[in-house]
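Two complexes are shown next, each including chain A; its partner changes from chain B in the first to chain C in the second.
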Partner chain A sequence: MTTPTMERPTAALPARDGFGPAVRAEWTKLRSVRSTAIMVFLAMALTVLLSMLAAYGSSTNAGSGPTYVDRFHFVHRPMSGDGSITVRVASQANSHESARAGIMIKSSVEQGTPYAAIMVTPGHGARMQSGFKPDVAGSPNGAPRWLRLTRTGSSVTGYESADGATWTPVATVQVALPSTAQAGLFVASPGKFRVVHYRNGSSTSGHDETVGRAVFDDVDVRTAAAPVPGQWSDQDVGTGPPPEMIPPGFTRSVPGTASESNGVFTVTGSGDIGSLPPGGNDDVVMNGLAGVYFGLIALMVLGVLFATSEFRTGLVRTTLTVVPRRAHVLAGKALVVGTVGLAAGLIGSVGAFFVVQPIQRSHGYVAPAYPPPSLTDPTVLRAVAGTAVVLALLAVFGLAVGTIVRRTAGALIVVLPLVLVPALISDALAPSTSAWLRRLVPTAGLAIQQTRDRWDTAIGPWQGLGVLAAYTAGALAMAFWLLRRRDA
Partner chain B sequence: MTVTVHAEWTKMRTVPSTAWALLVLVVATVGVGSWAAWGIDPFYCPLPRPDCDVDTARTTLAGVIVGQVGVVLLAVLMVTPEFSTGMLRTTLAAVPNRLRVVTAKVGALTAAVLVAAALAVSGSMAAGRVVLPGHGFTPANGYPPLSLADEPTRRAYVGSVLYLGLVALLSFGVSLAVRHTGAAIATVIGLLYVVPIVSAVVNDPRWAEWMQKLSPMTAGLAVQATKRMDALPIGPWAGLGVLAAWATGALLVGTVLFAVRDA
Partner chain C sequence: MNTGIDAAIEVRDLTKRYGSTLAVDGVSFAVRAGHVTGFVGPNGAGKTTTMRVILGLHTADAGSALVTGRPYRTLRTPLRHVGALLDAAAVHPGRRARDHLLWMAHSNGLPTRRVDEVLELVGLGSVARRRAGGFSMGMRQRLGIAGALLGDPPVLIFDEPVNGLDPEGILWIRGLLKELAAEGRAVLVSSHLMGELEGSADHLVVIGRGRVIADTSVRELLAAASGGRVVVRTSARPEAMTVLANAGATVAATAPDMITIEGMGGDQVAALLARHGLPFSELAQHRASLEEAYMDLTRDAVDYAGGVRTETVEA
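And now, the complex of A and B:
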């Protein structure tokens, strides 16, 4: 018979009380379960696949339309050779901050022909423009204001004046004008953008037509110091959108008018002159990452299970025996699951970014309206890398909620609707309510994907990420407090 | 059979998660529905205005989108814990006929969900009748009080109860197939929510329409519409039919897998 003997360990066990071993232990636990590999794979694959699906379903015809707008009411008479037109804009109605009232020398009354114009606006002072290029700003003064255009060959100089005596040049432009051009007064007023939300979740956007109105007096058109004789005629240059293109409930366009009595002209008109912003306003980078909603489900499940499975199996008691410092356990878990989330998110978002680009190009998202996005553009890089940060934070958030709730089902039923439902019901809510909702939920973090300012933007990219970070930090703090306070 | 249903009913009512799940269903449905009705912004829809026809019945039912997570929770927890705790072996020792176990579970689940859903949906309607008149939705403006006597309104409310019942069946089938709490909840919630989210980015009308027609949630909730029916991707009952097809498919796959696999 031999008596079993217990040998006393001759050397102390290697020190386990440290953060490094805790992180290592958590990493071993995470990588050695099968569901981790499944969830990480799903996070990457679904992000890419669903982004592709969304890209296949989206197209644009931006870039095929005109690149300029040339629509206004024009009161004109022919002017041969060099000459000038001078006028006083006595008053201008504030139909739109960028409504235009002024004078113009234009090749013909056809839309899109060369011109030079100087004008006043209710909100942006005096402006000069030609070639559908951006305005040259003059003084910040609106009506009443004296304006003058002087043509010398192919160059036209615009002047403005407060009193008609002292003139300040605004700009000189080169315009390809025929020997006999049309000179006269014009009024334009752009539409006002508006979005109507219907209760069924759909929305319509459009422009309400506005009508600009201005009164001109002291009109003087002359060549070589001699007044130009002849009749004034007036007409709309360009046409407004056809009625069937205007959504119901939006103000429609009306033709412009002009009347004259004792040298005082009253002119009304709608429209605008200038370059059109290139194409639509789709955020191609953000749309190209739409599949991330699937990726985040997988990573949040990963985070939740990383916490709850320990509670369910009782492994947490072993964990806490080995690493009694509960802060180390939770921090180690957060670090591990956050790093895995960041890596999976980075692969998913960079993958989606490159995979959807050819699809988006073949669906009309091409330059100049949609120049190809590049990762060297800081905004694009912020969106793509930020998506990975969002996924990492959501995985840690899932871990924290899992630690608080300690049950898989309970934790998932809290976190998944919390991140997904706001995106769904925000359309069914009033726009102001919906904007607040989208600012206050964890998915505000996805604002980091924005690369364009849009009318439906609820929160800035960094602020949105800050909201998500605050949720994660708050949940982690509560998880730590509960983990310390409760029995395992 | 009665004994089996009774056994399932006992298992269901004696775990605390059932009460929680049903509470989530009722409170979220009524709460979010009242909030949505409260939040109708008259600025965007000045009354009376024919081109901005507010679907008040549907708005009061907006909470179903959130409340359904209670149904998912209840259905999943009738299945997956039996696998993880080994309870299923006890169940099958008592009732060896697996089809009978499934039928009994489905019966108990459906009964509980339909009763709670009826309560939640009635609560939403009652809340709507209280909130809406204060926001200008009065008979004088063309909005009579919500009433089940009106055919489309009845369809919306009764249809919402049926919708929740079908979500229960869908979740139940998925749970039988995947056997894991986390995976089952993630799959069902993913299936319900993510298609509508992705289809919101899709701007090609044909793609968007097809995705909405096939999505169990978007198609199923078409039954809530009482106005602007031409804007729906799919007819009300046809949409509920799509969800029923998903539920039947999940239930079939789940039952077959349950019948052929070891417990």
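And now, the complex of A and C:
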């Protein structure tokens, strides 16, 4: 090679100073090495593919059963044509805040047939209900309370009263009743949800049956003006869950009972009346993004490498020589790797969101229990876009730890356990310990994916993201301080 | 604080300590525009530390280092003021040569065309799109030099630029250094081998164990190192040595028919030998090489003396 000829130093060479050039330099660095493309591709591919895998392994039985619940103990007698039933609920045991004790006119004693009912509850006052639709709320008063149902053709009006003299209508409903319907007293009490965690890490959820109990007096059934004579009969309408469906250790159902003495009826019963919750309890959006857990590792490693590769090669000295303002260097790196993380995260999470939906549908996640999620739903949008924010923050977190530790292996030993250990051991811990662990690690940020309140929720969506943001801000602050202070 | 109007780099009483190790101990020197200043000393003498402090990478415990009159870290587009090659191996192996220069250019807002210019300048134009991981040490040195030249700076700092170069590359570097100085730039170039700088440096700062041993022009150093030594070729070596030693000179046999005399002028040696009738065929004032002068200077300053090669043979 020949000795080159230098042109004379010229003033014509333009140069520019500031944060903008520093960011552009870091972007050029990031895009010009292969590991970036590999890590970004891995982040997106792992997110989508592993989310698909998780969806293939999922299943639900929601949607296969009835959409209503119709189970209670019924003390009844036939009532022909128009008429009314009046009763005083003298007392009601507080077996459940939504336990029901009241009166009902129902087509038959078969489960699911049309009915109109008015009742009191220990926690939610007087209510009227028909057609397995949501209750119409009456006064906030519970027992003792006077209740009355009046049938006129297919119209049934419910009343309540404090003294049996002054009556307040609650609602009038249309019910398709036969000419002779069953009128009478009923008691129901729903099960209480409970989760049992075992030492081996597994857990079981189920309902403990509760038994409602109420005392009725001043029972009066009449058509036109005449009392209806006749014999009372009683029975359970509907049946409880079969014994094999009740996990060990949970309270089983017992049949309801009724007794009468001098016009005072004491009735016990379990169950509930109404529509089932609109969907199953699985968080399909969060489950559909399960692969992110592995995608985030790739992006965090990208962040780590973006810092440590400079220290490993000594390139950091060139960097700090050409940009002596070290805050610009780290801020530029954080901005660049965070933006790449956000973009990769968005592609991964939006991709996973759409790709898993047909799989989830084919595994039983269908309307009405699971209406298809839509990005126009703010909660769903928060989950999908928030996932990208989590990946961006974790990439910056990796960068900060890489800057602090300076060695790849050392930095990975710090960040990977923070992410992986909670996932691996939290099931083996006591439930409260596990919940605390999941609140305190950076991956608490994944709570942003929650679209439902579930019993196993450890931390709220925004609080979780806040935990991750705090980790990132803290690590970044320490990295700034050390980078400024240390000899390069 | 400027000592001279043309001091491009001015180091004053610089001290840097790493734990209990005193790496640089009160070093002062200046690098002037239009000169190639050699910064020499054995490995571990403090050259690299001094350069890192000059470039604002390390913080001095005491003293100061100014570049064009300012602390380096206050420079805003440093590539336009100072070009530095610190460690040619400090490139990401997965990054293409051109991209390596591109991010550097972007960081100071330099135009992209400048990247292609310096690549041609150092002779890497044909491998611009190859990844630096596949480069030989010589190619990496050229890439590092290209980075230093990016901003067309008036001050250049090269740490051991000759390391790993083949003879052709060494010639190239020497020519480049001289040319850069001829264009009016200040060039500071370090080496642990004085011979590498022979013919290119015109001023020398010699450093050993963290202290400046000599700060002098090459000519003065050579004159000082050669002073008072006379070489004589004689067939009567033992007799000549006896005669000269008795007369008070320090005599060393350096070859079967050659002696070196210290502490006595050439004329005196000739007269003495003639008076005793001893034959001699050659009498010369000894001319030290730069390497020898350097060895004399640094003999006491070498940390690990086992590997030192000396050219004088003791009698």
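Going forward, the second predicted complex is superposed on the first by the 471 of 488 C-alpha atoms of A that agree within 3 Å, B and C clash if a C-alpha of one lies under 4 Å from a C-alpha of the other, contacts with A are read in each partner's own complex, and residues count from 1 in each chain.
One rule holds for everything that comes next: a contact is a pair of C-beta atoms (placed from the backbone, for glycine too) under 8 Å apart; a residue touches a chain by one contact, two chains touch by 3 or more.
The structure displayed is predicted, hence computed values, not measured ones.
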**Request:** Report for A:134: first if it touches chain B alone, second if chain C alone, otherwise both or neither.
**Result:** neither
**Message:** A:412 in the overlay: touching chain B, chain C, both, or neither? Say first, second, both or neither.
**Reply:** first
**Message:** Touch test for A:324: chain B only (first), chain C only (second), both, or neither?
**Reply:** second
**chain B versus chain C as contact partner of A:169, first or second or both or neither** = neither
**Request:** Would you sort A:33 into first (chain B), second (chain C), both or neither based on which partner it touches?
**Result:** second
**Message:** Touch test for A:368: chain B only (first), chain C only (second), both, or neither?
**Reply:** neither
**Asked** Just which bits of chain A does chain B share with chain C as contact spots?
**Response** 35
**Interfacial residue positions of chain A with respect to chain B in the complex** = 35, 50, 53-54, 56-60, 196-200, 202, 248-249, 282, 287, 290-291, 293-294, 297-298, 301, 304-305, 308, 312, 407-410, 412-413, 416-417, 420-421, 423-425, 427-433
**Request:** In the complex, go through chain B and note every residue touching chain A.
**Result:** 17, 20, 24, 32, 36, 39-41, 44-45, 49, 51-56, 58-59, 62, 65-66, 69-70, 72-73, 76-77, 80, 84, 180-183, 185-186, 189-190, 193-194, 196-204, 207-208, 211, 225, 227-228, 231-232
**Request:** Within their complex, state which residues of chain A touch chain C.
**Result:** 1-10, 13-18, 20-22, 24-26, 28-29, 32-35, 309-310, 313-315, 317-325, 487-488
**In the complex with chain A, residue positions of chain C that touch it** = 52, 55-59, 72-80, 84, 86-87, 89-96, 99-100, 102-104, 106-111, 114, 120-123, 147, 149, 151-154, 168-169, 171-172, 175-176, 179-180, 183-185
